[in-house]
């Protein structure tokens, strides 16, 4: 083999490998760019007003997003209360009780649900919860988001429960505990970390969803009381303000974007660090 | 001791001969039924969703039949609805997104799987997972204020001046359009390509690489000519996953695509996607045919993503299994 | 176990806090055309009546008509009056009639983003029809240039911006174009959502204004206040008497003068291309859509109370936002019509 040719191949090799490094670092840099850009544009607008005041009439400057922040919080809370128990208990069924046939049906359904585009979930929630009751509401929004939380919770619960060492199970059985007691007092606590992580990740994912809320929670100029009124939420406010022509609204959109992104990232980081101190997560 | 005896008796396998109520007294049976109930709820929800979509899109099916997919007119006044512009827009923006994201994503995955030391690889992967978690409305926000001016002032002149005679680069630029949506989508789907491809590449057995190196190939050659082809089915899977994500993306696209239900060859032209038209027109579709046509579009989107996700899963499983088989 | 109990108590406590308040909330949705004045009115009204909250979401007139027909909101708003089919659909679905109440007078203006042109361009009806039909494609086309001698019109492509959602503003614009251009009438027609020959779509008046602000060489149609509040130039339009008129309080009021005297009982009327030398040709009323019968007595009374306020004190604040007051005759007629709401 001639030396020149070898040198060329080595050069190509080093060059291409360097390029892959560039790809990797650029991809990571995008994250920091996004964060930095939001901080730069929205950082100064995050003040006390932003968190405590209601929006001002169109065209006037000032005001805040107090109602949207509370609204998002309410809807996420209710969504978790709706979606997590279904996913969690369903996951227990898959891991502990079910036969092969039923298990594959449930898993298949969950995977299907997971892949549904969020706008289609919005359509479903509108026909099921908004139309029959004849109003847009917080619980319609929660229903939509809750449904999106189910598949992740279900699959993760199943995987983590299954990964609990046989020793623990058999030990409990040997002590005479019935099956459900074993599950409740031994297996679930052992898998607790992983399941908690999955729930947090599911929460972070739906926290940023806008499309399903467009025609379920709709929007509200004021704080909404109770659960059956239209509710302002952070993602929808960002969308509305961003496409508007008002500079003051743009400013507030950046601030809201920063708050939302910060929230989502913090939940993600929290979830992943909880996990890394416990069991390794099986990749889905 | 009596209690132990009782629990031991109850801990045995439930035989069919025991009556239902006897089993019910068992805590276990209740637990099984309760969890079964919740598991069935999941199935019911999914079935209900598909059923609702199907039933509530009956009018356009009856009126237009299969023509719905090839008509490009969207006219609410004349009650003429055709899905073609939206399918076209969805396809084009996704294609642009993949064209950008796939080389970048695979390149980054190669770096993370082959070159980077495990610590660095894990840390970078951590950040990439965070990138995947960024909400889509934030991408939309950045799209409107950064990518749109970028396309108008930088990318359009760069492509239109030398290549403006090509149909894909023809015409004026508005800033918004297919290419802008494609670029924003590309950034959104790169993390999926990277994380799945990285996993798949990591599962390729060492011997493959070592055999290639032993035969005198450079690192790059062993990676590109041996490892990647071995993992190529799985990488295909990651691309399908990314595609499924891009197809269903609503907010970021509707903020930068131009919202025009027209088919145009130029990438700089404004267009529309299925998800975007549903988001924009759903709350105001007066008239049942209009509303159901939108729902029919939703059904189309659902079916597309369903097929892609299913294929992706199969491909990824095949590859990782292949890797473990060869490893022995 | 203890952890769960604690969590459950926390959740219930939160619910209690959140549920505790009994202001009456009235939900409305619809037109973006009057959104600035509606949001101002509802804000002021809430300060005067702290127990009543009017939540108005500007989703476009099409959305307003749709959601009030579905019954998911308590009132709607539209600048395109509901046509007979829509009236019938409402009656069939909700078992009562829908009433139109004019709220203010406003105008659609042709607004644009053209470097080097900061003043008002003059637009003839033919020029506007040509631009939106896609036949006039360059800014220096004779159709535009002939009315603007001395203006520095570049030879760039015109970027047309229209609405992507169902819009009363679109209804007003296409209603006008259908009256002055037979080609438009046959090819496109009038409505809240039409099959546009060319252009980009923006969501709401807000979205269109935003697009025009960011897109050089663009032209679109928006309600007057959106152009004013965002400092973008808007042009004059040649009216049926041959004068180039700019939209303002005087010209819009003049356009409604004829209709004021011959207002039909259901208040559905079009005042585009109105006669009169000083009339602005693309003016319109905008309507609140109120059901005739209400199940909820408290909501009905609150809405009637607001309507009365709107026709008295409310009209005093419209001019500050560049909307024109309703003609006196119309106000009197409406006050009587409020009694129809049961």
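So that you can tell them apart, the chains are marked A, B and C in the order they are listed, and the count of residues begins at 1 in each.
Going forward, a contact is a pair of C-beta atoms (placed from the backbone, for glycine too) under 8 Å apart; a residue touches a chain by one contact, two chains touch by 3 or more.
This one's a predicted model, so the numbers in the text were calculated from it and none came from an experiment.
S.K.: By the contact definition above, name the pair with the higher C-beta contact count: A-C or A-B.
M.R.: When A-B is set beside A-C, the one with more contacts is A-B.
S.K.: Which one of the chains is farthest from chain A, going by Cα centres?
M.R.: C
S.K.: From the C-alpha centre of chain B to that of chain C, how far is it in Å?
M.R.: The computed centroid separation for chain B versus chain C comes out at 38 Å.
S.K.: Calculate how many whole Å lie between the centre of chain A and the centre of chain C, each centre taken as the average of the chain's C-alpha atoms.
M.R.: Chain A and chain C have C-alpha centres separated by 37 Å.
S.K.: Between chain A and chain B, what's the gap in Å when you average each chain's C-alpha atoms?
M.R.: 16
S.K.: Could you list the positions in chain B whose residues touch two or more of the other chains?
M.R.: Where chain B meets two or more other chains at a single residue, that happens at 283.
S.K.: Of all the residues in chain A, which ones touch at least 2 other chains?
M.R.: Counting only residues that touch two or more other chains, chain A contributes 243.
S.K.: Residues of chain C that contact two or more other chains, please.
M.R.: Correct list: 29, 202-203.
S.K.: Considering only the defined contacts, which chain A positions touch chain B in the complex?
M.R.: The touching residues are 1, 9-10, 12-14, 16-17, 19-28, 30-31, 34, 37-38, 85-87, 89-90, 92-94, 96-98, 102, 105-106, 109-124, 126-128, 147, 150-151, 154, 173, 176-181, 183, 204-205, 207-211, 214-215, 235, 238-239, 242-243, 250, 253-254, 257, 260-261, 264-265, 268-269, 272, 283.
S.K.: In their complex, what parts of chain B are in touch with chain A?
M.R.: Going through chain B, the ones touching chain A are 4, 7-8, 10-11, 26-28, 30-32, 34-43, 45-49, 52-53, 56, 103-105, 107-108, 110-112, 114-116, 124, 126-131, 133-138, 140-142, 144-146, 187, 190-191, 194, 199, 216, 218-221, 223-224, 244, 247-251, 255, 275, 278-279, 282-283, 294-295, 298-299, 301-302, 305-306, 309, 313.
S.K.: Which residues, counting only chain A, touch chain C once they are in their complex?
M.R.: Touch residues, chain A against chain C: 56-59, 70, 74, 77, 81, 130-131, 134-136, 218-222, 224-226, 229-230, 240, 243-246.
S.K.: Provide the residue numbers of chain C that touch chain B in the complex, in ascending order.
M.R.: 29, 59-67, 69, 86, 89, 157, 159, 164-166, 189, 191-196, 199-203, 211, 214-216, 218
S.K.: Which stretch or stretches of chain B touch chain C in the complex?
M.R.: Within the complex, chain B touches chain C at residues 73-78, 148-149, 152, 172, 174-176, 254, 258-260, 270, 272, 280-281, 283-286.
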